[in-house]
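Each chain gets a letter, A, B and C, in the order it is written, and its residues are counted from 1.
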């Protein structure tokens, strides 16, 4: 897969101090528990410290505090997860590909494909689409008319880019994602729903990553916007005209309703919901499955929901939840007595 | 894109009073904030009233009460959002298409395609399928055997219609939706799951709209049914044998478990859950991320969940939630003293 | 569709006692409410007992206790749902197919397809993939490089199996599912996200079933694992390195974060969330839309969330929820007085 790399080379490349034989060489990656002598491993989450003493890894990236417990050669890092990510990129062959356009693809004559692209089998590229250089378009992708895909983008299999969507450079989109479907715009009139045309688009900044089966709707009139380096996990739903600030990350199944504006460097937990037409400041964290119903003006961590209990205890407490206002009134009365 | 249309023409077409130069002409649509002199705009949500005084729009659809603050020509409406939707339809070119069947499509010889259809590249239509007149079938769609698609339907890219599914007229389905996959029917027997065959189908009424990556399962024995004009946003999950009444709308990520029956004109909020085998009356509203665990027999608005707080306050209260029944007993005891 | 089968034959095949004319014959399946004289039906959920006395079904599978109320021939079962499932399998033609490889498919010359497979139109099979015997690959599926699909698997339309994913035997995957997309691995470094390469795979055991548009991410270094007979409904999200024990079932829209380990014979309700890096014991039930934030070490049923109320009552109680800690302190003070 890849050539061996030594402890000394890794230390130099990453700018990290190391201990052990500088010639110790690795050629793969593995967890502490599973690693062998030719693997690079790491310790970041303290939950996994119990595997350190017995690891068979060749080299481990870890903090100064953990270094003494490690039987292997070590790279000392103030942020072992980030430094492992940096080291691991050199072992990652999943983004390398042979350029070439599969003979089965259907590319409209007015579409343009850049240099050094791979366009896999079954891909459809419609009229007016422009795909940059070094782009990977996975099998079965649909690139509708007038879409723009920047240099170095990586689309997995069966991604759909609807008409006019614009991707920056180095955007990664995983299989099944749909970018630019109509937003949910309906108006009730005389007992029936009228469709509100969705005529905006979606603009995705450089270095964004979008998970499998995630959906990002096109704007009604203006565009839906992801600024640079936004990271979305799988099955996330982004409504029309949402704006997501740079470097914000969302975990799986989060959902954002139309016209919400989310700040920069926010962390949105899995399954969290954000109602429409509200603003969230920079550096806000929302814990998993919380619902944001009002604007958030200050950085910080926010939560809703109730703790998990045995169903028996939960039922007893749930009865009281329905009486909570009445209970509060009783307390007030007792205080007045 | 489209020809200019004058204030007078719009007023006549929509049956609305207007103020300003009757010859004022627009040719596009935009928000109050972004509009230029050739754009039609609207004011419906009071959140956006702050953009009215400075708008550069040519014409604005708004209520009588807002008309005086508007520097542009106005169309006076008792429901500006609906009237804007009606006006906007004339500017919407996204549903217009050149009829034609792409040479790459795979259509079984026993399938029938109506007149004036567009069948885009990469589409598969299996045996016995019947597609009506004026239908758009987007790139990469799969129409399995014996499916029926009514006149005027619009399927986006990569829609899957499983065997035997029946769509009425003018149904719109967005990319990635899956209609008619097996319902989740399993029975435990001798320590293993048995699959319960899913032999019903899905029947979708006229004028329904179904969002991107939404899934609607086929019935076990009877059919899963959407009555006419049901509007489903993205990533909604509809279980087997569910029946959804006419004109009901659901926001993104809502989920309905098997055999639930939802009334007409209901509004189901984003991420809401509805358990199986229960009935919901007409005109019921469920707020976002609420869970319906019991039948709802009266029209009205229903909610569950807890309000968002800073994580610090939330933790303090969450501890008390676990003690709620005990707290209620203490109050009772205090009252008796 | 299928030949007639008699009461006597069904009783013998299923090992069930019966009452009625042994020659009573059925050829289809239907609910009690809709069945005709040539249909087999069943009564398992007491909600549907009201349809028993008037059923026109030819034969009904039901419990001893319900047999006297049934006007039709009966099969007496201690588990009518499971026995109906067993009987129904004989009437299910949805899994039968004509073997054959559609001429439009794109199969790499280094891929291997077993005997008696159906490979439908528009399928892509990449280099090194191995598909076993008797496999159904629905229209538009993408099988990436080095994937292994065991004998007797059934893939619906537009399933994506990413590079190196391994399926056991008789695995069923419904349309739009994505198996093996990159896990969500990112590390913040100098104000930007670094991608952590996702180099593990996904391993799915024999007899698993995976719902429409469900996503199962590949592991970071080790594999994501579903043991045998795991049953996942639609739109479920399984994070990287999750391990799900045999015979566990999850309802629609449940989500499991990275590195969680779920036991055997668990039942996870619709929309439930499970945080990462925690362990859940065998035989645990999580009710719908609950959030699991801590390890669960004992079998049993667990819940979180609040009961549904009218929005008016809910608002009154929600105010008190924000004051809960303060209320608890007041009670304490009252007790001390």
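We adopt the following convention: contacts are C-beta pairs under 8 Å (C-beta built on N, C-alpha and C of every residue); 3 or more make two chains touch, one makes a residue touch a chain.
The structure presented is a predicted model; accordingly, all values stated were derived computationally and were not measured.
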Set of chains adjacent to subunit B and to subunit C: A
When subunit A is superposed on subunit C by its C-alpha atoms, the rotation angle in degrees, nearest 5: 120
Copies subunit A and subunit B touch via same or different residues, half shared test: different
Subunit A and subunit B, separation of their C-alpha mean positions in angstrom: 25
Sequence positions of subunit B contacting 2 or more other chains: 122, 140, 158, 176, 213, 235, 253, 271, 289, 305-307, 309, 321, 324, 327, 331, 334
Parts of subunit B lying in touch with subunit C, wherever the complex brings them together: 106, 122, 124, 126, 140, 142, 144, 158, 160, 162-163, 176, 178, 181-182, 184-189, 191-199, 213, 215, 217, 221-222, 235, 237, 239, 253, 255, 257, 271, 273, 275, 277, 285, 287, 289-294, 300-307, 309, 313, 316-317, 319-321, 323-324, 327, 330-331, 334
Footprint of subunit C on subunit A - complex, ascending: 29-31, 34, 45, 47, 79, 81-82, 84-86, 88-89, 91-92, 94, 102, 104, 120-122, 138-140, 156-158, 172, 174-176, 207, 209, 211-213, 229, 231, 233-235, 247, 249, 251-253, 270-271, 288-289, 305-312, 314-315, 318, 321-322, 324-325, 327-328, 331, 334-335
